[in-house]
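Before anything else, here is the set of structures, which you'll find just below.
Both complexes below contain subunit A, partnered by subunit B and then by subunit C.
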Partner chain A sequence: MKIPLAYNLRNLAVRKTTTLMTALGIALSVAILAASLGLVNGLKTVFTGTAHPLQLLVLRKGANSELGSTVPTDAFAILRAKSGAARDSAGEPLASQELVNVANLPSVDNPKGMNITVRGLSATGIEMRSVRLVAGRWFQTGQREVMVGQAVAKRYPSARIGNRIRFGKGDWEIVGVMDGGQSVLTSEIWGNFDQISADYNRQDSSSSVLLRATDPVALDALKHSIEDDRRLNAFAITEKDYYDSQTSSGAPLEFLGIFVAVIMAIGSGFATTNTMYAAVTRRGKEIGTLRILGFSEGSILLSFLAESVLLSALAGILGCLLAMPLNLVTTGIGSMTSFSEIAFRFRIGLTALLSGFAFAIVLGALGGILPARAAARKEILSALRES
Partner chain B sequence: MNRYLQLVLKNSLRNRRRSMLTIASMAVSICLIGVLLALSRALFYGGDTTPGQAKRLIVHHKIALTQDLPVAYEQTIKKIPGVQAVTRLRWFGGTYRDARDPKNRFAQFAIEPQVLFDVHPEFQIPETEKQAFNSQKTACVASRPLAEKLGLKLGERITLVGGMSPTTLALTLVGVFDAPTDNSSVLYFNWDYLRDSLPAGDSSRDMVQQFYVEAENKDAVGGIAQQIDDVFADSPCPTKSEPEQAFMLSFVSFLGNLKLFLAAICGAVTFTMLLISTNTLSMSVRERTREVGILKTLGFSSGEILSMVTGEATLIAFAGGLLGCGLATGLCAGIASAMRSAPGFVSVVRGLGFSPLVAALTLSIALVVGLVSSVVPALQAARTSIVDTLQYNG
Partner chain C sequence: MDIVIETKKLSKEYVRDENRVTALKNVDFRVPRGDFLALMGPSGSGKSTLLHLIAAMDRPSSGEVLVLGQELRSLRSRELARWRNAHIGFIFQSFNLIPVLTALENVMLPLKLTALSVKQQSEHATTALQLVELGDRLHHFPRQLSGGQEQRVAIARAIVTDPDFILADEPTGNLDAASANEVLTLLAALNEEHGKTVVMVTHDLHAAHFASTIRHLEKGALLPQGQVPQDWVAAAMTVPVHSRFVGGSEMTAR
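Now for the complex of A and B:
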């Protein structure tokens, strides 16, 4: 025979201070776990949001980032001529040679300065990205003008329209702010390819070439044709693969978060055990009475276990509620691939919340098992005599 | 006084299971706080600086590490008073074998063999190997962890395919050096070889990314850094000079807003401990309501009862704190050894240690938590009237 759950619920409600205190302890570790998962999820969203499914990034063989790669201008000509490349309305191939470097600006989080990706590209390069102008205007060819991504504009006080920032050989005027949605591009500074490559003494070469294929089959063929082309000494990687691998930038923080959540959970697990033991001690008489009424040892065990799990379920919900506001927070993390800061928003989605909740339930069950066993094993007569 | 202590001790030990669970719970949380404090110290204050590091400066481009400096700067830097040795350093992000295997990724630097060991006096290498490195243009030396990781043997050919630099280097391993405090995987080779293998027109031929400067003593480091930066302030490539330790720490910002993250976690953990401690104590005090009445009847004052409850909380917190510090010492040592082969800047964590200062701080957090958590339950116990407590039933 099963003891109704309402009995446990009422018991938790009667000892509401103890219940809340214990639950809050578990809730905090749940919140930290959910936040860590939300952080990595947010970072992943930004990286996957950058990739176009049909675009290939061409880098020098042996390079593992745009920053550490060089592709000569004559290779760009060969790449443009490859079949399988998509074309724009004017019939020109969608291929963009780009120069990537970093500039250092003081940010809100790091007054000492943080790196931001600087990308030199052409009109075709802009067309190949889903980026829209939100303020000011686009940069003009031949001028020392740049655009900043919206995240850069928000996080770096010196990145305002009309301000000048310094990189390469001198000052550049910020003339516009662009929005790349949930993508890495929002954390970049863009300028004209020729202008920027001249500043870095790289007139005859670029860092990378971005190519769009007409369809997935052409994408594969294009990739192979680039890698087999002995004139190029280059390789092609899909934008998706390139950005996916950068998600690991969040790994140290994720590891730290999970490590902390697990250790905190052990601490709150002990606390749950304590609370449940106290409940068992206080209700000795009740337990005896229940046994006399015919409830078996098993149902007593289950009932106390259920109470512990209910307590931790409450904690799980509390923890999720505590973590939720983080969804509004934008923060930045350094990518070792681009050697610069990527801004992203926490994304505590259903998976993170459910993981946190499940974590709490497991904790409640583990913490409650010993007290529940102690309750079930009480001698009926001596239990009845307890004060 | 002694009588109270005995009473406090007896009370703490009465419900042993509860006290043990509370101590265990406190210990785990305190251990976490201890590790996080040690981590903050290592990440933001650099842990312990080795004597070699204290005398070393790194000079790089003011705007970004990725921007090059002309190699000619070396001559100017050499002339600055207090500078003992300078070596140019060029980062060569080349590929060794299959780059998809993380094992094959390591730092590769082009330097001047003649001065490498002057700038890094802590590197230990047999004299014959040092001579070979000086005399053979295509020679390279590896750090012990790298040689062990890849199973490299002296005389082995190492081919590096350039990424940024349009060249392929065919190097021969002539030596393996030991660095007592540094366990990173790194390969050094001759800058002249790299320069000569680049195409004649390559604009980066005479460029480097950094200079390593060895100062004559550690007090001169700050002054030298200022002088170097002043000399190049108005040149096309202004510099930024920093002590090696500060340079390594500047990468910590790559991990994100870690300060806020650590502070938030420490806050949450401390708060959790407060909750747990208060909760346990409240439960104990509630169960002893009748006893408190009896003590009061016997003539114990409210103040004495208050201090007894506070004493009990502090004692338990202290025990938890001590155990936690013990755990933290072990955990720090474990993390430090696990991070021995960590790449790049994450390696600052290698210096993670549970120093006496951190231990003292951690222990005082435990005591404060014990004291603060006892306030409400202690007042509760002290305030109740004798009649009420004696009537209390369960």
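Now for the complex of A and C:
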């Protein structure tokens, strides 16, 4: 690179309106791409943040979610007796029989109502999760009381402490708000297993059983033991694998985001090409002069290509700045497996920002190559005659 | 005698609007080292074409141009660019400074192709600008300079690589009389005091007065040394008396 970069930078500054408009076009593509990646990343964080590495989720064979699964109560007794299961301080196995269903609540985004996961579980089930009480109190056994996750409390006006919500056979009083951190638990409503299963006429079965192993070796053994046990007609999946599979909920949005970013990128790529062609035309005399001073065709090509890349780098930074405030946004997405809304926060991290920036650079290089080639190929004499 | 530029039967034809136009025909001439040659002639006489062929900015239709004993047509584009940087200093009528670069940066440009460090480039460029008496304008942009100052920056840029010869295409064409005199005096000083070979294209009799040799072109042909085009004699009568005496023969006026 023989021609100083100051030449390109100052030329970009001289035509600042054109530079800014072109950069803005690319920046929007970058922002959309970074937002799409941030969305999927946020969703993945929520799902992976839910999983405990030593816990197995037991579902009916053939079921792909808790909602579509039925595990009989007698199977729960067999599971509790399996060797390799971790135990609590009282010596009881860490196993939780859980019932999962959905309730419909009007939300901030959707006044007509959105499905929320309702989970019926025991005190052991709560102990097996990383959740803490942030307001009110825990539900009491034998009462029509529920807890709501923090995201539910924020996003659903009717889900405040003291309010009553309707699902199953009647109303339930909200008595507390729990924080599940960056996990799907914060998007759920929890109540007592017996109370909720009675409301849904499921006293003799649950949707799933959560089982904790003592260590990773026991986890594998336990998993095989469950799947080989013909009495159970069930399979076990690690919590991590189960929630990993649910990140597919974000796949259509990710595809849509990338698709829109690419379509916009094609448009802004053409805008870059157009801007750079105009620059080449306007600076014909300068190109001729540089050639006379001894700069080769290659130097001219590199210089104009560098200018296009500098323009897109500026756009890349602008796009990242546009996307970054989304990190403060919490939104919800309908899960295709639980048929309920899962709240999550955009996570536009370094990887998403670098991907967006690299996307801009590639766009600048592709958009600038033809004009740079045209600049390099100008005949000296005809270039000098240009005004 | 050390010959810097030599042309042999040099011709150039263009096709313009399906008509064949002869810009130069069978031009034979030599420029010895240390000469200050003024190429004169009316518009369309072929003087700029000759300059462009010497600088290998254009290709001849026939004949040869030998510069420093080398036929430039044999060089590839990249080699030619390097050659121009090392051997030619070019001065344009409209200065052709890069508007977004300061005077110092403009003069440093040709040095970017050398092995000098940035500090050395800056030192060389500063010296060249001081030589053209613009040492106090190093960080001015072209728009902040007068026409005469711009052309002096262009001269500094042309000499900063210490080229073998300087090609000047109507260097005073865009200047007022006072600035033109400054520029011409500077070119003459470069020739006399620094031994630079200068080939200047001009149609200005006053500018030619600063050269040590004048050659005339008429309709693409180089007139024999000392010969002047007929219509130019009539035109010369209209210029001020102090300039008129220089027209009739090969110049050794200074």
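Following the convention adopted for this analysis, the second predicted complex is superposed on the first by the 386 of 387 C-alpha atoms of A that agree within 3 Å, B and C clash if a C-alpha of one lies under 4 Å from a C-alpha of the other, contacts with A are read in each partner's own complex, and residues count from 1 in each chain.
Here is the rule we go by: a contact is a pair of C-beta atoms (placed from the backbone, for glycine too) under 8 Å apart; a residue touches a chain by one contact, two chains touch by 3 or more.
What you are looking at is a predicted structure, and each value in this text was computed from that prediction instead of being measured.
**Student:** Would you mind checking whether subunit B and subunit C clash or fit side by side on subunit A after the superposition?
**Tutor:** Overlaying the two complexes on subunit A (C-alpha atoms) leaves subunit C and subunit B fitting together cleanly.
**Student:** Quick check on the superposed pair: does A:S89 touch subunit B, subunit C, both, or neither? Answer first, second, both or neither.
**Tutor:** neither
**Student:** Thinking of the overlay built on chain A, is A:R10 touched by subunit B (first), by subunit C (second), by both, or by neither?
**Tutor:** Only subunit C; A:R10 stays clear of subunit B.
**Student:** Put simply, what angle do subunit B and subunit C open at subunit A, by C-alpha centres, to the nearest 10°?
**Tutor:** Angle at the centre of subunit A: 90 degrees.
**Student:** For A:G298 in the superposed arrangement: first (subunit B), second (subunit C), both or neither?
**Tutor:** It touches subunit C, and subunit B stays clear.
**Student:** Tell me which partner A:E286 touches in the superposition: subunit B (first), subunit C (second), both or neither.
**Tutor:** second
**Student:** Kindly classify A:K2 by the partners it touches after superposition: subunit B alone (first), subunit C alone (second), both, or neither?
**Tutor:** In the superposition, A:K2 touches subunit C alone.
**Student:** After overlaying the two complexes, what is the shortest C-alpha distance between subunit B and subunit C, in Å?
**Tutor:** For subunit B and subunit C in the superposition, the minimum C-alpha gap reads 12 Å.
**Student:** Of the residues on subunit A, which ones does subunit B touch that subunit C also touches?
**Tutor:** Subunit A residues touching both partners: none found.
**Student:** For the complex, give me every residue of subunit A touching subunit C.
**Tutor:** 2-4, 6-7, 10-11, 13-14, 285-286, 288-299, 380-381, 384
**Student:** Where on subunit A does subunit B make contact in their complex?
**Tutor:** Its residues touching subunit B are 17-18, 21-22, 24-25, 28-29, 31-32, 59-64, 67-70, 72, 101-104, 109-110, 112, 114-115, 166-169, 200-202, 249-250, 252-253, 256, 260, 263-264, 266-271, 273-275, 277-278, 281-282, 331-336, 339, 387.
**Student:** Can you list the residues on subunit C that touch subunit A in the complex?
**Tutor:** 52, 55, 57-58, 77-78, 81-86, 88, 90, 92, 94, 96, 98-101, 105, 109-110, 112-113, 157
**Student:** For subunit B, which residues are in contact with subunit A within the complex?
**Tutor:** 17-18, 21-22, 24-26, 28-29, 31-32, 36, 63-67, 93-95, 99, 161-166, 203-204, 236, 250-251, 253-258, 260-261, 265, 268-269, 271-273, 275-276, 278-280, 282-283, 287, 344, 346, 393-394
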